[in-house]
Amino acid sequence: MQQYHGTVLLNQWVSSRYKHLAVHAPGITTGCTAGQFFHLRCADGFVPLLRRPMSIYRIVPKQDEIHFLYHVKGAGTQLLGEMQQGDRLDMFGPLGHGFTLDPKWKNILILARGVGLATLAPLVQLAGEQGVKVYAVLSARTESDILSATYMRDCGAEVITVTDESGTSGVDDVHPMLEALIEMHEVDALFTCGSKRLTYLLQSLALKYNLPGQVAVEENMGCGMGMCYCCVKQFNHNGTPVNLRVCKDGPVFSLKEVMNL
Amino acid sequence: MQQYHGTVLLNQWVSSRYKHLAVHAPGITTGCTAGQFFHLRCADGFVPLLRRPMSIYRIVPKQDEIHFLYHVKGAGTQLLGEMQQGDRLDMFGPLGHGFTLDPKWKNILILARGVGLATLAPLVQLAGEQGVKVYAVLSARTESDILSATYMRDCGAEVITVTDESGTSGVDDVHPMLEALIEMHEVDALFTCGSKRLTYLLQSLALKYNLPGQVAVEENMGCGMGMCYCCVKQFNHNGTPVNLRVCKDGPVFSLKEVMNL
Amino acid sequence: MKNPIMPASGTFAEEMAEIIDLNTLGALVTKSVTKSPRMGNKGPRMAETTAGMINAVGIQSKGADALCKNSVPFYAQFASPLIVSISADTAEDFAALAAQVSVPGVDALEVNISCPNLEDDGRSYAMDPHQTHRVISLVRKSTSLPIFAKLTPNANAVADIGLAAEHAGADALVVANTLLAMSINISTRRPSVGNVMGGLSGPCIKPVIVRMVYQTYKKVNIPIIGCGGICSVEDVIEYMLAGASAVQIGTYNFVNPTGMAQIIQDLEEYAIKNGISKITDLVGAVQDDSRDFTGEALAF
Amino acid sequence: MKNPIMPASGTFAEEMAEIIDLNTLGALVTKSVTKSPRMGNKGPRMAETTAGMINAVGIQSKGADALCKNSVPFYAQFASPLIVSISADTAEDFAALAAQVSVPGVDALEVNISCPNLEDDGRSYAMDPHQTHRVISLVRKSTSLPIFAKLTPNANAVADIGLAAEHAGADALVVANTLLAMSINISTRRPSVGNVMGGLSGPCIKPVIVRMVYQTYKKVNIPIIGCGGICSVEDVIEYMLAGASAVQIGTYNFVNPTGMAQIIQDLEEYAIKNGISKITDLVGAVQDDSRDFTGEALAF
């Protein structure tokens, strides 16, 4: 981890609620892996005071680029959204532990919702590079919010999209779909991000099919680097609840350890 | 007074430290006179929290324009300086009591320093319109900071400039100059803004020559409209000190009442 | 009251009538008045801080007679109830002043026992429950108007002070006045206000005062008027959820002179949009899993 | 100390060594440690406010044994003195813990008697001079290390608490911990931190804490370490002028993880630019026209 002062390459709307940000800084991709995040200072000055955690959406080592895909939500992301090409962005990272792919795995299933798609996109890329087949169920409010479907298909993933507007994204609809995928494709591991409900669902399937799983978790953050214990959530370590830091012990956790999201 | 949401017409550097801002808003010049000010909100958000008082530099009733000339100094004026053509500016005013010209006066002397030039410029215009002859001594750090000399000359004023860089702006240099002007041109009244030292000097001359005088005073402001008593300074009312509000009882005060600037 | 929005003492005066319709306000609150005219502190009286301001005005007052002669009749033009804020140096003087300003046209008194008496290192009546009880009891005896005790956030346990005021007969509490603060101009090495210390107000203090409203609401049975850093309808809702029956807006009047009018309008829209039929249902309705949700209306 | 800049407890840990050279810091300060491991509060533990943040971490601690075994040797790599912050529930436990962590490699103890014990409505030892005297006296007897008493800004009269700590044998005061605060998420109607209330830190609190440093400096004869909202060299100077011999930087470490290193560099430049040969000349040098300008250095 390191503090970079990157240069904004692009920062554009990709749907009515999401923006795609690309930043250049020499050496910034060093050590970056899927599931890690950067802590971004959205503006000089003290309102908003704190940085905003953003998952790495794309890693382009050759061009020293890191990309983000973010939901313009509150004060911080609004200011982030105002950044122009050429502006300087104060980025701290890469932070946390990302996803891991066991070399033995051949097929993985990912279940992503909303901005969770951003977090899982580089995992799909990584899997593609390592020859692991990805089955992705992508969920969002509307079809236009499913931003990475094409990118994931390009990486070789088989993608199913479900949306609120089409009434296909309910837990009850997604549940049989996931079971079918798991059973049909001999899935070796499960990955998710972006929805509490879907995480609990996937956890139950991990138990049912005795599959390993990983989930990227979100929590409000202070330092982002493990010092302040602001981002702690409870996880289940073989029956005992332990307080783990999302920023450093995560943000990717074992699916079976999830307790209170 | 009223809250206007003006549109920035121009906001450009006129020297290395000063910017010229012109704003359009329907009806905004209504009731505006030289010496009054607007309370400007330099940015949304709460840092900086308060408005910044800015003297009216130019009143253009036909085009619904108010102009300002300001020194880019701290956080507020820096943000003001970032405003672009077309941006919306939240302006509250016109506020306070401006300069008054007695119809009997034929010749007036003005002594301005730094941003005080901005405050006195519309008085020179007014005097020009009313056929009152203006003798102006303009003082600044450098010749390039004397921004309104040409404008004042265009309004018919006779202008002398003194600067720190040329070593002509000391109180000891300006003093005889002022006496000469007063004596030579049968000056009827004295006006000043922008420097404590020069105000005290002019006050002494007002006493010596028994001339009426007016000074525009500055103080940190809360409300800008007379409610909060944050901007109070002490003035001398026939020997007794009284606390007057710069924003409402001023910003223009009688020169002879000045006590503690 | 038509609505729970009123100005905070010292940030409002007759001039406001020129820019907003005072009839729309829940109540009108005067600057704290003293018996005799007072000069106030030496300048500078104000300094900005991060998301706040320090004032050391020190109660410049035209005196109670001038208030009764000029301000009370002026405000009588408007339908909104008039609350006169009073300030004095001793409990007896508070009581005498309360009697003096209990004139027709005045609907309630706000007893400013919280202005950091800056000559005494920031101490004030409302720093101590016994002192508070004493002064409010005396004021209670000297007027039949409703009395609001304005508390200070500089006290150890604001809720206990509030309770003392309630026991002494206060009809409502204003929580709170300013936090005692200081800033230094590092170029001149002088305190940035002439009085060395002053009162901090504005958005920066909101989380502290919301907490105090919350704590006080748990202890007292009289309505609480929340005051500190309110700048939006969201802030009003937050204060009401914490336990405020009404709110006062201070510093924001400087930031946005038509702000109170806007917030009143926003509050109506908020209620409609969120299906809130009685805005008082919000009072104390924070879901802290530990207390009943009961709201008290503030009525004159 | 090389310079008067150190981190504030709870905002610094071993991880910082990965981004700044800990040798450059005036001192190192650990998160408050408890005797036994502790879980801390339920989440969310943090909420942002205007120019500040509320934390309700509630002291999650690996316990004193782990500290002595892992952290103390880790920090021994660095030249900067190590200050261990301790937290306990009773005065006796404080004393026992002080003895336990008075191990080689530890240069001073910071006694956190100011963490709002949130189960008790924000009360803590440092709310009361007698309690403060008691706990510091016991700690004084149980260790020969220098002890710093960390005060709370929620107390009526911080200077009196400071004086009590001095009389009980404290070698320095840390002024101060966080202001007890609360915010409410108006959509969920829940307090924005799981613990309902928490501690407010960041630039918003600076004017309050500067005032407390100023008041305390007037009363005590031991060095004061200023802490609250410091984000720049200008803030450091302001605190020193008010009476701080050193400062701690907390929340700003989150805003700018390399900020302390920058401020140390800026301070050197400031001193050169302003012809200040001894930075301690600044201590208490505010020109308030009322007291002598004497500075005390903070030394180990």
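Labels for the chains are A, B, C and D, by order of writing; each one numbers its residues from 1.
FYI, contacts are C-beta pairs under 8 Å (C-beta built on N, C-alpha and C of every residue); 3 or more make two chains touch, one makes a residue touch a chain.
Here the structure is a predicted model, which means the values were calculated and not measured.
A.B. asks: What is the chain whose Cα centroid lies farthest from the Cα centroid of subunit D?
C.D. replies: Between subunit D and the rest, the longest centre separation is with B.
A.B. asks: Taking each chain's centre as the mean of its CA atoms, how far is subunit B from subunit D in angstrom?
C.D. replies: Chain centroid spacing, subunit B to subunit D, equals 47 Å.
A.B. asks: How big is the gap, in whole Å, between where the Cα atoms of subunit B centre and where those of subunit C centre?
C.D. replies: It comes to 36 Å between the two C-alpha centres.
A.B. asks: Just how far, in Å, is the C-alpha centre of subunit D from the one of subunit C?
C.D. replies: 33
A.B. asks: Can you list the residues of subunit C that touch 2 or more other chains?
C.D. replies: 50-52, 203
A.B. asks: Scan subunit B for residues touching two or more other chains and write them down.
C.D. replies: Subunit B, residues with two or more chain partners: 46-47.
A.B. asks: Work through the pairs of chains, note which ones touch, and then classify the graph as line, ring, star, complete or other.
C.D. replies: Chain contacts: complete, every pair touches.
A.B. asks: In the complex, go through subunit A and note every residue touching subunit B.
C.D. replies: Touching subunit B from subunit A are residues 45-47.
A.B. asks: Tell me, which parts of subunit D touch subunit C in their complex?
C.D. replies: 49-52, 54, 121-122, 127, 154-156, 179-184, 186, 188-191, 196-197, 200, 203-208, 210-211, 214-215, 229, 234, 237-238, 241-242, 285-288, 290
A.B. asks: Please name which positions on subunit C make contact with subunit B in the complex.
C.D. replies: Against subunit B, subunit C makes touches at 10-13, 15-16, 18-19, 31, 39-40, 42-48, 50-53, 55, 57, 60, 202-203, 231, 251, 253-258.
A.B. asks: For the complex, which residues does subunit D have touching subunit B?
C.D. replies: 50-51
A.B. asks: Under the definition above, what is the set of subunit A residues touching subunit D in their complex?
C.D. replies: 1-3, 41, 46-51, 90, 92, 219-234, 243, 248
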